[in-house]
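What follows is a single structure, and I will ask about it in a moment.
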Amino acid sequence: MFKIGFIKMGNIASSLVVDLALDEIAERTDLEMKVLSFGPKMTKKEAEASAELKSWGPQLVVIIGPNAATPGQTAARELYKDMPTIAISDGPTKKEQRDTLGTGYIILPVDPLIGAKREFLDPAEMALFNSDALKVLSICGAVRLVQEELDRAMTSIAGGETKLPAILATPEKCAERMSFQNPYARAKAVGALHMAQTVASIDAQACFRLKELEAIALAAAAGHEVMRAAARLADEARELEKAGDSVSREPHARSGELMKKVKLLEKPEKI
Amino acid sequence: MFKIGFIKMGNIASSLVVDLALDEIAERTDLEMKVLSFGPKMTKKEAEASAELKSWGPQLVVIIGPNAATPGQTAARELYKDMPTIAISDGPTKKEQRDTLGTGYIILPVDPLIGAKREFLDPAEMALFNSDALKVLSICGAVRLVQEELDRAMTSIAGGETKLPAILATPEKCAERMSFQNPYARAKAVGALHMAQTVASIDAQACFRLKELEAIALAAAAGHEVMRAAARLADEARELEKAGDSVSREPHARSGELMKKVKLLEKPEKI
Amino acid sequence: MFKIGFIKMGNIASSLVVDLALDEIAERTDLEMKVLSFGPKMTKKEAEASAELKSWGPQLVVIIGPNAATPGQTAARELYKDMPTIAISDGPTKKEQRDTLGTGYIILPVDPLIGAKREFLDPAEMALFNSDALKVLSICGAVRLVQEELDRAMTSIAGGETKLPAILATPEKCAERMSFQNPYARAKAVGALHMAQTVASIDAQACFRLKELEAIALAAAAGHEVMRAAARLADEARELEKAGDSVSREPHARSGELMKKVKLLEKPEKI
Amino acid sequence: MFKIGFIKMGNIASSLVVDLALDEIAERTDLEMKVLSFGPKMTKKEAEASAELKSWGPQLVVIIGPNAATPGQTAARELYKDMPTIAISDGPTKKEQRDTLGTGYIILPVDPLIGAKREFLDPAEMALFNSDALKVLSICGAVRLVQEELDRAMTSIAGGETKLPAILATPEKCAERMSFQNPYARAKAVGALHMAQTVASIDAQACFRLKELEAIALAAAAGHEVMRAAARLADEARELEKAGDSVSREPHARSGELMKKVKLLEKPEKI
Amino acid sequence: MFKIGFIKMGNIASSLVVDLALDEIAERTDLEMKVLSFGPKMTKKEAEASAELKSWGPQLVVIIGPNAATPGQTAARELYKDMPTIAISDGPTKKEQRDTLGTGYIILPVDPLIGAKREFLDPAEMALFNSDALKVLSICGAVRLVQEELDRAMTSIAGGETKLPAILATPEKCAERMSFQNPYARAKAVGALHMAQTVASIDAQACFRLKELEAIALAAAAGHEVMRAAARLADEARELEKAGDSVSREPHARSGELMKKVKLLEKPEKI
Amino acid sequence: MFKIGFIKMGNIASSLVVDLALDEIAERTDLEMKVLSFGPKMTKKEAEASAELKSWGPQLVVIIGPNAATPGQTAARELYKDMPTIAISDGPTKKEQRDTLGTGYIILPVDPLIGAKREFLDPAEMALFNSDALKVLSICGAVRLVQEELDRAMTSIAGGETKLPAILATPEKCAERMSFQNPYARAKAVGALHMAQTVASIDAQACFRLKELEAIALAAAAGHEVMRAAARLADEARELEKAGDSVSREPHARSGELMKKVKLLEKPEKI
């Protein structure tokens, strides 16, 4: 049994399903997971507390949350630098910063910053934003990219030759993973992912630059409206694939291998 | 600092945000969380492993996941029966069964079973279903119901007089929590939640009763289509409230108290 | 000329088109219809009045309306028990009750109860609900199921070997009749029909169990919102089939035989 | 008890609900109805057969179906010319033709001709078209106009002073009846009704002027697409009114009087 | 280099892109354009001023704007009657009137009159209406029809054998140009174009017949709602073609020749 | 009569209506326009040809088209530097570059670059993109901003004290002009305008950076999908305002003054 550990520090939409995506029907027999989180907080304190996962003996550790360049995330990576670790985050996006992360990484600028200001966000709006983001990520290939890379990393480690991802997951790279058969579906997916990036920049204004209640609430609301519009465009992408009965599905076999099916009524086959 | 622990065994859509909903902008100073999970699995083995959270000294433990009557969930509750514990699950729904849970509980039949069959579900579809379910739960009041009840339970414990919820969260009860000002928005929310319950019964066919690939894939797909339709109806409910600038928001103050605002451009005030 | 008589006692959405569906362009030369109704009422009084259709000498009588187990419907069937009769209704659904109907039957739990309370329903809302229900029934196969079964029964009677249907028209059975070529279209149709059943249970609360104006109006409104959402999902099913130019059409020939076409610009051919 | 008789010769969408609209929850105690129909056919033969309704002694007879100027409809009216009769039809629209009908009338050019060609229409498509037409008629005021006029005529007859309607129901006149509070809702309703008239002219091409299969199928399909688009625009009108909680409802009291309510959660009051 | 001149007198939606459509990526090397306009006005004064284009020496002149039978348009045509001229307008539609135009012509009854009354129209609404009209014209074939005819006329003139169009661009003729592969897409396009014609007749009421503010504003608003609904139906037509990856594209080569592609990812080829 | 001249060099969506927006119903008596264009081309050659407008004696010249920093646009401005001139363009956006334009300017980064590659764009797609862009610009305030600024500049010149705009029209500044009463409508408008900016950056990839047919076609298609999604979000903004009957309208009086109305059925009043 491969042991994979997850440390969730703070939250991005990918955090919600990163572990579930490795065993979507809970039947894999080759895999054991342990997930440790401290809720939405992501300071050095939480980083330190995350050390406890080590004693479980994970063969791979995934540290996931917003902006991998922040002190908390950095401290957590520091703790795990002696074992195979992958950072999953929405940033940093610049090559030189990514190079200093010191771990494998998947940077998802398409997993956008939420409008995290009390003037706008409450628990329901927070969940709603995550719902829209998750729709984009799942339909447009980001969820699959993360899952495939984790599966691949585990296989490499199990095989004795650790290979960790170092990926900046652009809209185009994410969409490629979904093997869209209809090119307009693919274009819609790429478009939706670009919109998700736009959300991040609008919400960054609300979170970090604006000071007046009205401006903050308006900007955060605008960001969440774009997220919702992106979710709808993603939905259209999937509906186009449904129209051609060409939705790509890649379930895990009990053994952990990936299987594949395209037509809804056909059987999944090992790849 | 109040210490609240979460054990996530298996996944329902509420699991994704149950901890985040207590501190949506990560600024509460009165609260500490620790979350332990083992991914999608929820057998007795995971239950036993969950014992480790005890040593952290939580004042309240939340055990969340599908069907609280299953052996794994039951074993986990058993471990924590000597401390304030709340089970959150999509079942059991019958009064007599709920009464035997032995803990506080919030049963959410509106948080529906996924179409968990390899013939249909892959990681992307799994995430997508959770996105749609989360949209319904967040807009229609289920997320708020859970959050309010946990906040209330913590306050009661901190105040020395433990009071735990025992709630069957029907569509009507959930929708009430959102303080919809437009009655058609409320009706749409109630309708969406009923549809979510319908999803559960369709997916149960796919998961437990059907045996042929075609029938399974078709039923699971039908269930997920209804989930998607429910998400859209929920979205309409919120858009109606936007039309009247009457979306109810209840953010947490830094101190943990609930605040309230209705108009987008007004300031949240303590309740 | 085959003589088929219809007694419409009260109304379900199928009542609206049951006769029209047998001769959709009014050109059949093998068929004569007579329809007798007393509007929305369906008591024993109307049942008795329906006796008059007998004198016309129909070879098959269809009694259609809500809940075939009610006294009025039962009385009407009693009157016609000496001739080939088919009851079409939304209930009863249980096998043991259906067995006691004493006639051929098509039970359509997918043809839902309306929110028939003065607190909510007016003539416009009544017509609107029937519009939405009719959309679901026509797209998803219930209209065709009824029409095919009546055509088949007439053929059997004309051929001297009366065979009457005994069908509980589940979502799956209805959808099968539409020969959907796109499996997602079929899944959407199945989903929409399940939603229609959900409507029935919500409206039943409004009609029979709730007592307060607010609760009644809210429940009835919720039921009608779900009906509207079901109509939209059904519409999506048909749009998917349009995308593949694979809408199944089965018009009647002048002779009454069924014809068939799939591509929009192809000629219908006898089956 | 007022006795009102209906003769349905052929079908327009208004035919489906004309009787039901007078007693939408089947509780009126002042009214008795009898409906006679011969299905979709509307020749002189059916007209003659309709004579039988006379013996029931109706105080008012409504003859409803396509084009009141056709021989069948004319023959039927002839039969009933000695008693209060109202013709309801989609034509004729010209004043001089309407003047020769010899009865009260409500001409509804907004209740459009169906694409009644075997090359396109089958029972399911027929029901679907009626669903869309009924949505427009119910939301935009045509159903209410018909119902109000019949109620008024019955009152006049019961009061001893027969007054029958002579109305060409234009889009504007229909929309007025719905008392839209939002002017954009009203504009959408007017627009949808104009679209319904456009449908009639497109379908007339398909039915009467085109000769080639391709052209017929294409025109009929175009007509039905416009009908579907009109239904959607009508739906938007109602959603706008929902946004303001200003949907006008006029249910019948048990006594037959009209009541009125606007807010969803308020009680209907006698007008 | 072929020299084509445009005189835009007043505005119809086709005016906006008539020149751009001949060189959509601004790379044609065989063509020179000059466009002269005087904004929205279209009286004789503007007609006279348009004489100045002559001195540029155009080989073909296009005079475009509302109703070619008005005095201003007529005066402009008079000025250019000694050179190849094509009138593009929404009217007149009658054959006998078209025959007296004295030039080549393309009459587009599908390019509808705007609701040009101060009681309703402001600059934003004007632009919005043109947006909706342009969507219908571009998707449904009217833009292509105009462009193809102008290209053809230029080729004929360049080849020494002037041939000018004399076309009444009905919905069917426009849609034919788009080579829709999905017949339902074509039907939707035809339907949308019919709706555009309906808009013209509604707006004509607002512009010319109604006198009261309320009636004018309501009619104009209804016209614009139908335009918006037509744009949406057109959009559906294109989405259906996207579903089949069969959108017909006909870009200009640098040399001015038309090229053709159908699949999104294939190369355009000379026809 | 004020004389305003327009030179349209190349095309942005604002070009389509910039002149029409000053006199939307063609009744202003205080204003004369002359528009000169050379179609889509915008090189120095067209700039030189534009000199001819001078002789007409305009009091204000507007030069509009893509990227004001390109040689053609620069050459045109050079020609008119001795008279009041306003450049309207989608760029440059940087302050230092804008400062060197040497004229008044309105820079609209929200009026996005089209996917101008033969591999994707044909005349119909070009018109379609402009339709979507125009929808965003008209609903979200960019059309009004341009129109108000031109009106203001003309007034200043007529009053003898020339004041020309120097505006970078951000999403927020545009939306402000529409006086949205519903804050969610405003947020949607802001979001749609941000999406339009995203379109520009996606299309820039397609136009300038990508080299392979597949990548170009895909990127251009993605850009146009985002534009279409932005148009839909803008449409939602307007529908929200319709729901509150609060659409802001500012028509021109015959005298050229701006008037104002908010409720659909109220009279416009001078501001």
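The letters A, B, C, D, E and F name the chains in turn, as written, and every chain counts its residues from 1.
Rule of thumb we're sticking to: contacts are C-beta pairs under 8 Å (C-beta built on N, C-alpha and C of every residue); 3 or more make two chains touch, one makes a residue touch a chain.
Everything numeric in this text was worked out from a predicted model, so none of it was measured.
A.B. asks: Which neighbours do chain A and chain B have in common?
C.D. replies: Neighbours common to chain A and chain B are C, F.
A.B. asks: Taking all residue numbers at the chain A/chain F interface, are over half used by both copies (same) or under half (different)?
C.D. replies: Mostly the same residues.
A.B. asks: Quick check: more C-beta contact pairs in B-C or B-F?
C.D. replies: B-C
A.B. asks: Suppose each chain is reduced to the average of its Cα coordinates; what separation in Å results between chain C and chain D?
C.D. replies: 21
A.B. asks: Whole-Å distance, chain C centre to chain E centre, using C-alpha means?
C.D. replies: 48
A.B. asks: Mind pulling the residue numbers of chain B that touch at least two other chains?
C.D. replies: Where chain B meets two or more other chains at a single residue, that happens at 183-184, 187, 217-218, 221, 243-244, 264-265.
A.B. asks: Looking at the whole structure, which two-chain pairs count as touching?
C.D. replies: The set of touching chain pairs is A-B, A-C, A-E, A-F, B-C, B-D, B-F, C-D, C-E, D-E, D-F, E-F.
A.B. asks: Using the touch rule from the top, collect the residues of chain F that touch chain E in their complex.
C.D. replies: Listed in rising order, the residues are 8, 10-11, 16-17, 19-27, 32-42, 49, 116-128, 130-132, 134-135, 137-139, 141, 143-144, 147, 178, 213-214, 217-218, 221, 228, 231, 235, 238, 249-253, 259, 264-265, 267-268.
A.B. asks: Which of the residues in chain A come into contact with chain E in the complex?
C.D. replies: 182-184, 187, 236, 240, 243-244
A.B. asks: Using the touch rule from the top, collect the residues of chain A that touch chain F in their complex.
C.D. replies: Touching chain F: residues 171-172, 183-184, 186-188, 190-191, 194-195, 197-198, 201-202, 217-219, 221-223, 225-226, 229-230, 232-233 of chain A.
A.B. asks: Given the complex with chain B, which residues does chain D contribute to the contact?
C.D. replies: Counting only chain D, the residues touching chain B are 239, 242-245, 247, 263-265.
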